[in-house]
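Here come two complexes built around subunit A, the first alongside subunit B, the second alongside subunit C.
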Partner chain A sequence: MKIKNGFVVREVGGESVVVPVGEMSKNFHGMINLNETGAFLWRFFSEDHSIDEGVAALLEEYDVDEAIARTDVEKFAETIEKNGFAE
Partner chain B sequence: MIYEIANLRISIKNRCKYTEIFCEKYLSNDQAAPFDLEVSVTDEEFYEEKKISEGYSDGYIENICLYRAICRCLPKLNRMLLHAAVLEYEGNAYAFLGRSGTGKSTHTGLWLKHLNGSKIVNGDKPILEYKESGFVAYGTPWMGKEGLGYNGSAPLKGLCFLEQAKENSVLKLTPAQAASRIFVQILMPEDEANAALTLELTDKLVTEIPCYLLKCNVSEEAVQKSFEALTGKTYKK
Partner chain C sequence: MMNVDAEKRKIEDVLKEKGVYIGPTVGVSMLPMLKNRRDTIVVKPKTERLKRLDVALYKRGESYILHRVLEAVDGGYIIRGDNCYVDENVPEEAVIGVLTEFFRKDKHILCTDKKYIRYAEKRIKTYKSRRFFVRMKRNVRAFGGKVLRKLRLRK
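Coming up: the complex of A and B.
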């Protein structure tokens, strides 16, 4: 999965926020708030990676069970796909 | 014509006379010197706005589009639009924010009534500039339907989000809490550079300026609560 171009990610008040820009801002209005894991996965999937690679990256970064990491990545990927943010 | 708004020289290319009258107090005495920014409205944008603002004059519609065009370019100039009512008291500015109908003009009206010397810099759409010394709030010709404000500026020392309530209470917000409330009150440009800069300016705003949530009714006590939180001074009746 790879997240489409056309988003800006910044920390505002300590929380990660994603804003659509350019063509993307015409299809999607508003902004997305990310928690820490979400922000990590957003950055990771800004380049093309498989779900398995996402799980491995999450395990390397955070001290979590593989099952939890997999659920997190799958949920994240589902949200990205559902909103049409994936290429 | 060139206007001086928020300490910028802005060349406004309008077609309707409306904007010239609207902005006359901001007209620059020097029409020959260079400008920082030039704006005009495309036909596409004009007719898009005309569809939404049915029943308004062409001048009014062009005027709205022109301000939006200005505001979209502001982040590159270290400035941003904030949808808020900004008051000045003893040389400092305080911004009051809330969704339409939460009582921004009612609460700021109570300040004017009870706090001698307080005045409204801009009742609806001030521009903020980020400087090394902090944020500065500017009056602009665009100041909401009540038309309250003047061509002036003051350093911004506090943000106060308003909510209606039976009892008055004031709460200090964390930067994250303030951020989640402030996004609906800013204009997000569609181009990447200005959108990124808007987020960066907003981050500085909620981390560097103390932010409060005032739950309030319509009373002098409500003024006391916001006054004491924002200024750090004791309110004297």
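Coming up: the complex of A and C.
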């Protein structure tokens, strides 16, 4: 999975927000808020990676159980797909 | 983990609900500070009278405009975009927020930053000379166009 180009993650006041840029800002007018894990996964999937690679990356970055990591990555991927953010 | 609000919402509603608006820049009126659809602005609700150099977010009809305050006057402000050559009289009630920080490319700049304030001061101070050169350029272009048209007519 790869997130479409045209988004940037901004850290403001301890929160992560995704902001559309360029052509994308003409089409997407909503707001995307991420928590720490969400911001990590957003950056990770800004390049093409599989779900398994996402789980491995999350396990390497955070002290978390594999089952929880997999659920998080799958849930993240589902939201990305559902909102049309994936290429 | 991720909260997506895909609906287009009014900025004043976002400010009221979240206390901050973070979004892309649109337009060229604040160049060279903010580039169209590249940079990100962080706007907070207006809680007090704005002052000189503040960048106000205000509404003109249904449009949102982000321009710099030159002077606070009775009942409102004299405002101008950094890349504009016309002053605007904006009533107090039209101003809904103030720029507190922004991202220029990936550089995060606070509006309290000394270097930024120096830039804002300079932008206002050099206004007259910039306006002179812009007008001169426009006149030279118009004159050149006129000459070219006449030459073409002769042929």
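In this text, the second predicted complex is superposed on the first by the 87 of 87 C-alpha atoms of A that agree within 3 Å, B and C clash if a C-alpha of one lies under 4 Å from a C-alpha of the other, contacts with A are read in each partner's own complex, and residues count from 1 in each chain.
As a working rule, contacts are C-beta pairs under 8 Å (C-beta built on N, C-alpha and C of every residue); 3 or more make two chains touch, one makes a residue touch a chain.
Here the structure is a predicted model, which means the values were calculated and not measured.
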### Task
Check the contacts made with subunit A and report whether subunit B or subunit C touches more of its residues.
C
### Query
Once the shared chain is lined up, is A:Phe76 touching subunit B (first), subunit C (second), both, or neither of them?
second
### Which superposed partner A:Gly13 touches (first subunit B, second subunit C, both, neither)
both
### Task
Considering only touches as defined above, state whether A:Met31 meets subunit B (first), subunit C (second), both or neither.
both
### Query
Of all the subunit A residues, which ones make contact with subunit B and with subunit C?
8, 10-13, 17, 19, 21-22, 25-26, 31, 33
### Query
Which positions of subunit C touch subunit A when the two form their complex?
1-9, 14, 20, 22-24, 26, 37-38, 40, 42, 101, 103, 106, 108
### Query
If you look only at subunit B, which of its residues touch subunit A in the complex?
174-180, 183, 188, 190-192, 195-196, 199-200, 202-203, 206-207
### Message
Which stretch or stretches of subunit A touch subunit B in the complex?
### Response
8, 10-15, 17, 19, 21-22, 25-26, 31, 33
#### Entry: Touch list for subunit A against partner subunit C, complex
8, 10-13, 17, 19-23, 25-26, 28-35, 37-38, 41-42, 72, 75-76, 79, 83
